[in-house]
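Following: one structure in structure tokens, then a few remarks.
To keep things simple, chains are lettered A, B and C as they appear, and every chain counts its residues starting from 1.
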Amino acid sequence: MQNKELTKDLFVPSEAGVVEREKISRPTRSGFQDGWIRLKQNKGSVVALVILLILVALALLGPVFSQYNYYTTDYSAIFQAPNAQHWFGTDKFGRDEWARVWYGTRISLLIAVVAASLDLLVGVTYGSISSLLGGRVDAVMQRVIEVLIGIPNLIIVILLMMVMPAGIGTLIIAMSISGWVNMARLVRAEILKLKNQEFVLAARLLGTSNRQIILKHLIPNTMGVIVINTMFTIPSAIFTEAFLSFIGIGLQEPKASLGVLINSGFQVINSHAYLLFIPAVVIILIMVCFSILGDGLRDAFDPQMRI
Amino acid sequence: MQKWGPKMSLLEVRNLYINLQTHDNVVQAVRGVSFSLEPKDTLAIVGESGSGKSMTVKGVMKLLPKSGRIDAGQVIFDGRDITNYSDRQMRGLNGSEISMIFQDPMTSLNPTMTIGKQIMEVLREHEKMSAHAMKERAMELLGLVGISSPEKRFDQYPHQLSGGMRQRVVIAIALACNPKVLVADEPTTALDVTIQAQILDLMKSLQSKINTSIILITHNLGVVANIANKVAVMYGGQIVESGTVDEIFYQTQHPYTLGLIASIPKIHDDSGTLKTIPGTPPDLIDPPKGCPFAPRCDRAMKVCHLYPPTYTQISDTHCSACWLQHPYAQQAAGEEGHHE
Amino acid sequence: MKKYILKRIVYLVITLLVIMTATFFLMHSLPGTPFDEDKISKLSVAQQQQIYAAYGLDQPLYVQYFKYLGNVFQGNFGTSTLYAGQAVRSILASRIVPSALVGIQAVLVGLIIGLILGVVAAYRHNTPLDYLTMIISVLGISVPNFVVAALLQYFFGLKWGLLPVAYWESYASSILPSLALSFGVIAQIARFVRTEMLTVLQQDYILMAKAKGLSPVKILMRHALRNSMLPVLTILGAITVNVLTGSLAVESIFSVPGIGSLFVDTIKANDYSTILGLTVFYSAFYVVVVLIIDILYCVIDPRIRLAPAKE
């Protein structure tokens, strides 16, 4: 078929082969770049991230757009349905719901982020000490965790909430006391896994110091697990706060959080259901977006890790 | 390239093309593969990982992953054109007339089903037998593949058996219905070296007992000489050279085959280094337009990078896809010889 | 195996002791008394002393503690102050039936629907059915159960008047609370089974089953289902916690006279002995359930059941 085009001069040794031999056919990317590209390809995660950013912006700036604040009562304007003055209406004391919802969102997010950071700090410290020291220390620390893991978290939180004065600080402390255990276990498992992997052994053989191994190999490689787990702790902290406030032992009026707002909306569910719906929609949006983003991050950065 | 006489082969694959759809690319995993298998043949398909050898046989048995598709070609088994067989029709063949042994016996058995049930399952599917007869047959098979105390093993779970034992069980399952063709996809790769020889010996002895043809897929040319009578060497989704074992080992034509033979470690070799073929296999998402091996070939010519080589028939059974067999190349080599 | 169970029981006892101790001392560090301050201050000191003595509150803390431990081991949780004079044990007993009904219904419905959804989604991977399941599971996992309960109450109870909400009289009253609790269970199970099933479907033994000539239905029933459903047992512990804690809010919302709403009421009323009793009850229930699940898993999975004892 192509024989017509074949000429004798084509049958001479070619040098091109030697050059092309070790050519890598596609561009290489680092794990982070790869993960980032995969995350960006995941439309759900991108949308979730955008919605979350908008909600955070509203939580920070929302009250600014309104001439009302979250605590001023106005008995001449109670239970107004959403209107031009009060975009989300008013509650039983005539307080502006728009201001209350975004202030409440801010408080809920604040509590969740601080609680999640504390979990992270305690959990990572505990987990890495346990796994790095190993031996006896590890054994004792693991026994402690095994006992703690047997206690339902919310029970501890409820008990602590009853003992300590109601308030944001109490909520955060109560949640962190029980919340770090999971992070500690994950970090320990990850470091133990890494410690025995070839590249760490190789580094050790090459005479790298422990400090260098921790800084250069262990920390960067545990980051994925830590970040992903934090993405799941934040919504669970938002849930815990809302739950406690809803059953009446979290924050109290006139303070606002999503749980407080849902609770007071629920009280008037017969007559003024919008007071329930608005904060309910906000909390659903936040929870769903965090969940999708968390899944997206996990799939993008750590395909091996599942539930 | 090959003549089709009146005699029908047991299995004939003609010009098979298989594509795999990945996330955003199409991998041309198999690109025009043809071979034939006669009764009692043992054909070894040799190649490195990604050469398309495993995809070829999975295409024949229609066991391709969801992303895989036969694009062109023809598969004729025992006089029947099974290229367009439906899944249902294929189920009648698979397990009874064509069966397969997988690479890793640690994962190819269901961990939560007893050995006995897994053997009887294939009998129940294809043979009309009483429950009692099935159990008898399963025991017999266990004995046949060299498992001691079959009664005890029958009720055990895979994890209670060693790797070599499990592979024997897989072989028992594959041979349960006396298949005409047995496909063994790297059956010894996952096993210890000492066990590898045992399994190969077992396959060889069983082949003579039950008159089956074997397609042995392997990346190890070393195991081929012992068991196979025909060899097809695959590279970059194509067969680059095929022939009888003697032809492949002693009248090697293709530089890739030469490289493979050279890289078999030899006991009496004093050089102290292992021979390798430098470079990496081609990217089959965007296959080279010339010979796939050209970039790694020591003897590559300009033409090799431009046009895919055609098959040259060396003998009735031996052919090779390499431009070096082209008359022009032979001439050029001859002239060079004269100059010196 | 026996050794493992023994070890687990020791842990169980330690965990419960820790919980009881912590609960006891936390409760007693509370300011104030469990009685109505206004009423109690009107009584004479002698009368106050008498009441404290009746509840054993006049003794030193450590005496109260050991007495409490001793009582708990006899199944005696003391006397409620909110429901004056009633033994905590009998209050608990009277509340357990509605909670059990709602909880068991929720878990059963959740398990069945979740399993079906998960299997179908994996089997029809990347089809609209799969996407629907994913949406349901994301919603079920992220929407708080008390929000679900409030919305169910609004639509089914108030707006459409389909089911009773605010009182507990017939079986129909248990439907909405069970649904509210099952939503999260469905989501967790569906998601877990889907992931497991997708992994299992890629295993070599599934390909092997295909090579044996088995039909897709047989492959699913004999090989895929069992192997992808066994691990579900491992998340039943987490599901129990969710249903237990969820019952607090959900029972309160639907006025279910169960243990969850009792817990919320006593928390609001500072009813020490009942809270202590409930905490111990909840924790004990949870720990025992987890233990049973673990043992069950060992019994069912041949790989664990028959593995030579390690550790």
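Throughout what follows, contacts are C-beta pairs under 8 Å (C-beta built on N, C-alpha and C of every residue); 3 or more make two chains touch, one makes a residue touch a chain.
Predicted model only: the values in this text are computed from it and were never measured.
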item: Selected interface, A-B versus A-C, where C-beta contact pairs are more numerous; value: A-C
item: Identity of the most central chain, Cα criterion; value: A
item: Centre distance in Å when subunit B and subunit C are each reduced to the mean of their C-alpha atoms; value: 55
item: Gap in Å, rounded to a whole number, between the CA centres of subunit C and subunit A; value: 25
item: Chain centre separation in whole Å, for subunit B relative to subunit A (CA means); value: 49
item: Shared-contact residues (touching 2 or more other chains) in subunit A; value: none
item: Of subunit A, residues touching subunit B in the complex; value: 2, 5-6, 8-14, 16-17, 20-26
item: Contacting residues of subunit C [partner subunit B, same complex]; value: 203-205, 207-216, 222-223, 226-227, 230, 301-303, 306-307
item: Touch list for subunit C against partner subunit A, complex; value: 11-12, 14-15, 18-19, 22-23, 26-27, 29-30, 138-139, 141-144, 146-147, 150-151, 153-154, 158, 191-192, 195, 199, 235, 241, 244-245, 248-249, 252-253, 264, 267-268, 270, 275, 279, 282-283, 286-287, 290
item: In the complex with subunit C, residue positions of subunit B that touch it; value: 61, 63, 87-88, 90-96, 99-100, 102-104, 107-113, 121-122, 125-126, 157, 159-160, 170, 173
item: Complex contacts: residues of subunit B adjacent to subunit A; value: 278-280, 282-283, 286, 294-307, 323, 326, 328-329, 331-332
